[in-house]
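Look at the two complexes coming up: subunit A is in both, with subunit B in one and subunit C in the other.
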Partner chain A sequence: MSAGALPATAVPAEPRGAWRHRMADRGIDRTLWLLLPAVIFVVALFVYPFLYGLSLSLTPNAGDTGIFSNYAKFFADSYYSSTIWLTLRLAIPATLFNTLASVPFAYWMRGRFPGKRAVTTMLVVPITLGTVLTAEGLLNFLGNAGWLNRFLMLIHVIDAPLKLTYNYWGVFLSLILSGFPFAFLLILSYTSGIDPTLERAASTLGASPWQRFMRITLPLLAPGLATTFSLAFVMAFSVFPSAMMLGNPHGEEHVIAIAAYEQAYTYYNYNYASAIAMVMGAVELLVIAAVQALRRTFYIGTTGGKGA
Partner chain B sequence: MNCLAGLLPLTHGAIWQDDKRIDMTRPEKRGFGMVFQNYALFPHMSIRKNVAFGLEMRKTPSAEIKERVAEAIELVHLEDQATKLPGQLSGGQQQRVAIARAVVLRPPLVLMDEPLSNLDAKLRLEMRTQIRRLHQALDLTTVYVTHDQEEALSLADRLVVLRLGRVQQIGTPRELYSRPANAFVADFMGYRNLLKAQVTAVDGKRVVANVSGLEVHATAMGDLKVGDAIIVGVRPDDLKVVAPGGTSEGLLVDGMVEVVEYQGREMVAEVRLPNRLALTVRTDQDLRPGARISVAAEADRTLAFADDNTVTRVPDLGVTPVAVAGGAS
Partner chain C sequence: MSSISVSDPGVESVKPGRRTPRIVATPTQWVVWGGVIAFMIFLMGTVGSVLVNSFGRTWFNSWWPQGFTTQWYGDAWTQFNLSQVFLVTLEVTGAVLLISLLIGVPASYVLARKNFPGKGLLNLLFLLPIMVPPITYGIPLATALYRFGLAGNMSGVILANLVPSVPFVIMTMTPFMEQLDPSLENAARMCGAGTGVIFRRILMPLLVPGMLAAGILVLVRTVGMFELTFLTSGNSSQTIVVALFNSMNAAGIRAQQSVDAMAVMYMLMMLVILLVALKFVNPTQLVARVKESPQD
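And then the complex of A and B:
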């Protein structure tokens, strides 16, 4: 092809790169490729397993008909459907306790004071131990011949050992021990995000410490409380090892995660197990949606301080 | 300021309000209005709610709250913004809300902690006039902390200059401006030329000083003796550019223009003297860098302070000049 032929074939085209420019204006350019590893990760480890589980749960077992047969079976069998209630009965009080009990601690610890690091470390250690170790420790501590009962009997507060293991209270206490540090850390970051001069301003305007907390700090903390509750709830709702070790896993602490485990690894009924897992996810979503709807009624915005 | 408001405990001393000792009173019981440097508006409450907060804490009847809040918001011209949240307002508007929130309580004392320092220069001037107008209208005793000389002079009825927690001088703005008690106050009051010198002769209020070889006639502020180490202070405005070979009974020196800043009506020039010292001169003459000029100042306008080691030209480190705009009390 000779250079002389070019003018004849050249059409008045857009200058090179104009298309790329327009896409870049809409935020689409080559840097988007940086998302690829994350996308692969999410698809491979979340989207695909989720969809696979969903399709399994909708696959009827031999002898059943209808794509919802696994779900129908779950809700028809009270031993299984009651797991929703049994789990909520553990998770909601424990989450509420963890979230609300964190508030005074975090509120008190938002400033600087000597020994803050030591106190924080102490509060956070349980999170690093893992649930199994915590559960084992509690078993020893709370058991019939455990330190707590022996001590209480020694000082004659009680005559017979309190039953704190292999029942509701054992699991509940374990959920608190492992869930509290998590909630506390989150709430602490929210409280230190609130500008301390707001409270000082309120005090010069005549607000007592209690009024300052109720009128200023708590409303500003509400969105943080909602988020913390949601995250802590999901952790508590999927309770498994502590229910196995500290509860009665075939009775009152037959939680939903145990139900799914049973179906998957005792009866090798993956389809049914997947349906249970889906129900579990749906319940979690419902609770979180309710909390977030509640949160919408509060102020959402800057809280003035660092990290706001 | 924080001690007055009760937010910090005193290290020593006492605070009295009329004949009541208040330094152990909790902040919420003092009933002072405070305007914070960062405004400290409650971000989750509307402007109206912010202003009403103090009255609600005092259990004021709601009809009265409504009336007084509307009045206070009108006072700072924010009627249109009353239902917005603080985050939707500009810095100047937020500062006005903070002022309304403090004055709506009709407090016996208003505390203002550098309220204008977060605003840009133009807004700062506007707000300064507004604060002055509010102060004149409401006649509330106000303690106003600032590092800005102009703010202090324009707002205060009485000025207190503090340095490292110690009072340097108390007086009206006019007194402090024309007769600063020491080199530190002079520095704050715009004596940009502060030169170390030695007294060579004393004649009543007049002293002759040796400024690194240059002979200067100055007015003594305080008792000075021959041989004393002193600091000679001159305002840039009081230095005049004169024809070479002119005379002056105060200060007269030749020098070379080094830096020129154009400021509209006038120019500010830094003039390097033969003895390596520099003087800042404000003049309406058109100076060029490199020009050789003579600079003169009258002896009345050239002040000599004892050099009490309040080292001059220390930047704002720990310096808290306080303007007290006295009202009825």
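And then the complex of A and C:
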């Protein structure tokens, strides 16, 4: 814009510059372009498939009518609707055990001590090995002629081998072997985030160890417990390889992930499979929402420590 | 119970004179140690029985196999076409690693430095793929990828594995980026450097440790990722975990020992990666993004 331009032409130029300025004030400038690849990625590979799956799940198959026919079929067929219960029956006890059992360990290990890194490294091993390998190992270890049954029979704890594979207990144990380290490491990060001086103060005021734990540590830990439970539950709820290998995938361990998988890859019924996947997501979110609601009833605030 | 307060490491650290906690077994510690030992027995038993079986000749109803051999390793290598499987694993992980860093690092720069409308929503969108279990979104994702002819081959496996990896890079890199002093960038800008130059000359060198950590975490997760690869891979695009699962579930024509031999190879590979990873990251980081104090 030359200085000699008429005011009439200068006026439209000015708001444009000002507009860019105003946007920049609100944080919108050219650096936002750096976000573009990530946004394209998340829309194309996460949002779009999700919406596509949702629309598939609402598409009736040949012979069915109504947009909810796939969902209606799921809840009408007890072989399928029971998968929700069969999955929760595995996931909730396993997650509860993993989360609650982690607390004393993490409480005890929250400080610094020699060998802490060695212990945490040891715990990371089953997570690194993954569910497939854990299941394979447990099949050998827990089997009728496996080392565990042999040992228990040797020391005369049992007379006949315990049946621990191809049933509930096999899957349950595999959920603990891979889920416990996960829950423990999370809880550990929360317990080390609690300021130790709070407990010392309570101790000075005459609180017993039990009182200190119940009145100081536990309330401060509650949000961490809720988060850990949620994350560990997500993992346990999508139990798939271990249920296939260590359970009875067409009977008692016919979990919801297997149901969705067999519809998609055995019967090629993608509409039904998508509906099952949506039910799976919904049930899971319901459980997490319930846990978070429960958490609200506890103390909310700072833990005063370094982490969290 | 009173001795807890003495042996408790948290309280212990007040006294400068003593470093190591006193070894006094209280009931709590009995329980804790019992738990640790039971867990270790299960872990050792699980890993050990795979290891022993992979070297065993025949192992039926006894403590140890009758004789040992290494033949299963050769068998497994040819039977399961492991040279191809390892090559696929390497290619998939390499591609996922590279692409997720390329997409994730610039995004985390913006998320760490800028405030803009819709940032909360975007953060949620990046968090969701980590929070939702792979099977739930994997089935619609695989269906969509098959529709475009992208699944059943390497491209599908790579695309599917990017879904949790990119958000993971963003989640790891954003806090790392936040702790870099923005005045360095501002100074460079004052001296006339453009965004490109700032990225290359100022940020990149500072970001190397963070990218190394994020990259190694993506590596561990991608090699171990079963569900997404399983749902999107075809015969010639299986990674080692999927090949392992398929050979275990296949009818019993194959000797269990050669499956276990493959499992041992997978285990060794993971342990090597884990050892490398632990040079750069804290064990806890393999599980979730947690800020830990540096002295731990």
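As a working rule, the second predicted complex is superposed on the first by the 291 of 308 C-alpha atoms of A that agree within 3 Å, B and C clash if a C-alpha of one lies under 4 Å from a C-alpha of the other, contacts with A are read in each partner's own complex, and residues count from 1 in each chain.
Simple rule for what comes next: contacts are C-beta pairs under 8 Å (C-beta built on N, C-alpha and C of every residue); 3 or more make two chains touch, one makes a residue touch a chain.
The shown structure was predicted, so the numbers you read here are calculated from the model rather than taken from an experiment.
A.B. asks: Give one of first, second, both or neither to describe whether A:R200 is in contact with subunit B, with subunit C, with both, or with none.
C.D. replies: Touch status of A:R200: both partners.
A.B. asks: Thinking of the overlay built on chain A, is A:A91 touched by subunit B (first), by subunit C (second), by both, or by neither?
C.D. replies: neither
A.B. asks: State whether subunit B or subunit C is in contact with more residues of subunit A in the superposed arrangement.
C.D. replies: C
A.B. asks: Touching A:A243 in the superposition: subunit B (first), subunit C (second), both, neither?
C.D. replies: neither
A.B. asks: Go through the superposed model and pick first if A:P219 touches only subunit B, second if only subunit C, both, or neither.
C.D. replies: A:P219 contacts subunit B only, not subunit C.
A.B. asks: After the superposition on A, what does A:V39 contact: first (subunit B), second (subunit C), both or neither?
C.D. replies: second
A.B. asks: Using the superposition on chain A described above, determine whether A:S208 touches subunit B (first), subunit C (second), both, or neither.
C.D. replies: Touch status of A:S208: both partners.
A.B. asks: Shared contact residues on subunit A, subunit B side and subunit C side combined as an intersection?
C.D. replies: 200, 203, 208
A.B. asks: Contact residues on subunit C for subunit A in the complex?
C.D. replies: It comes out as residues 1-2, 4-5, 8-14, 20-21, 28-29, 31-32, 35-36, 39-40, 42-43, 45-50, 53, 60-63, 102-104, 106-107, 109-111, 113-117, 119, 122, 125-126, 128-129, 131-137, 139-145, 147, 159-160, 162-163, 166-167, 170, 195, 220, 224, 226-227, 231, 241, 244-245, 248-249, 259-260, 263, 266-267, 270-271, 273-274, 278, 282-284, 286-288, 290-293, 295-296.
A.B. asks: Which of the residues in subunit A end up touching subunit B in this complex?
C.D. replies: Per the touch definition, subunit A meets subunit B at residues 195, 197-198, 200-208, 211, 215-216, 219-220, 298-299, 301-304.
A.B. asks: Which residues, counting only subunit A, touch subunit C once they are in their complex?
C.D. replies: Going through subunit A, the ones touching subunit C are 26-28, 30-32, 34-35, 37-39, 41-42, 45-50, 52-54, 56, 101, 104-105, 108-114, 116-117, 119-138, 140-141, 145-148, 150, 173, 177, 180-182, 185-186, 188-189, 192, 196, 199-200, 203, 208-210, 231, 234-235, 237-238, 240-241, 244-245, 257, 260-261, 264-265, 270, 273-274, 276-277, 280-281, 284, 306-307.
A.B. asks: Which stretch or stretches of subunit B touch subunit A in the complex?
C.D. replies: 5-7, 26-34, 36, 38, 40-44, 53-54, 57-58, 85, 87, 101-102, 105, 111
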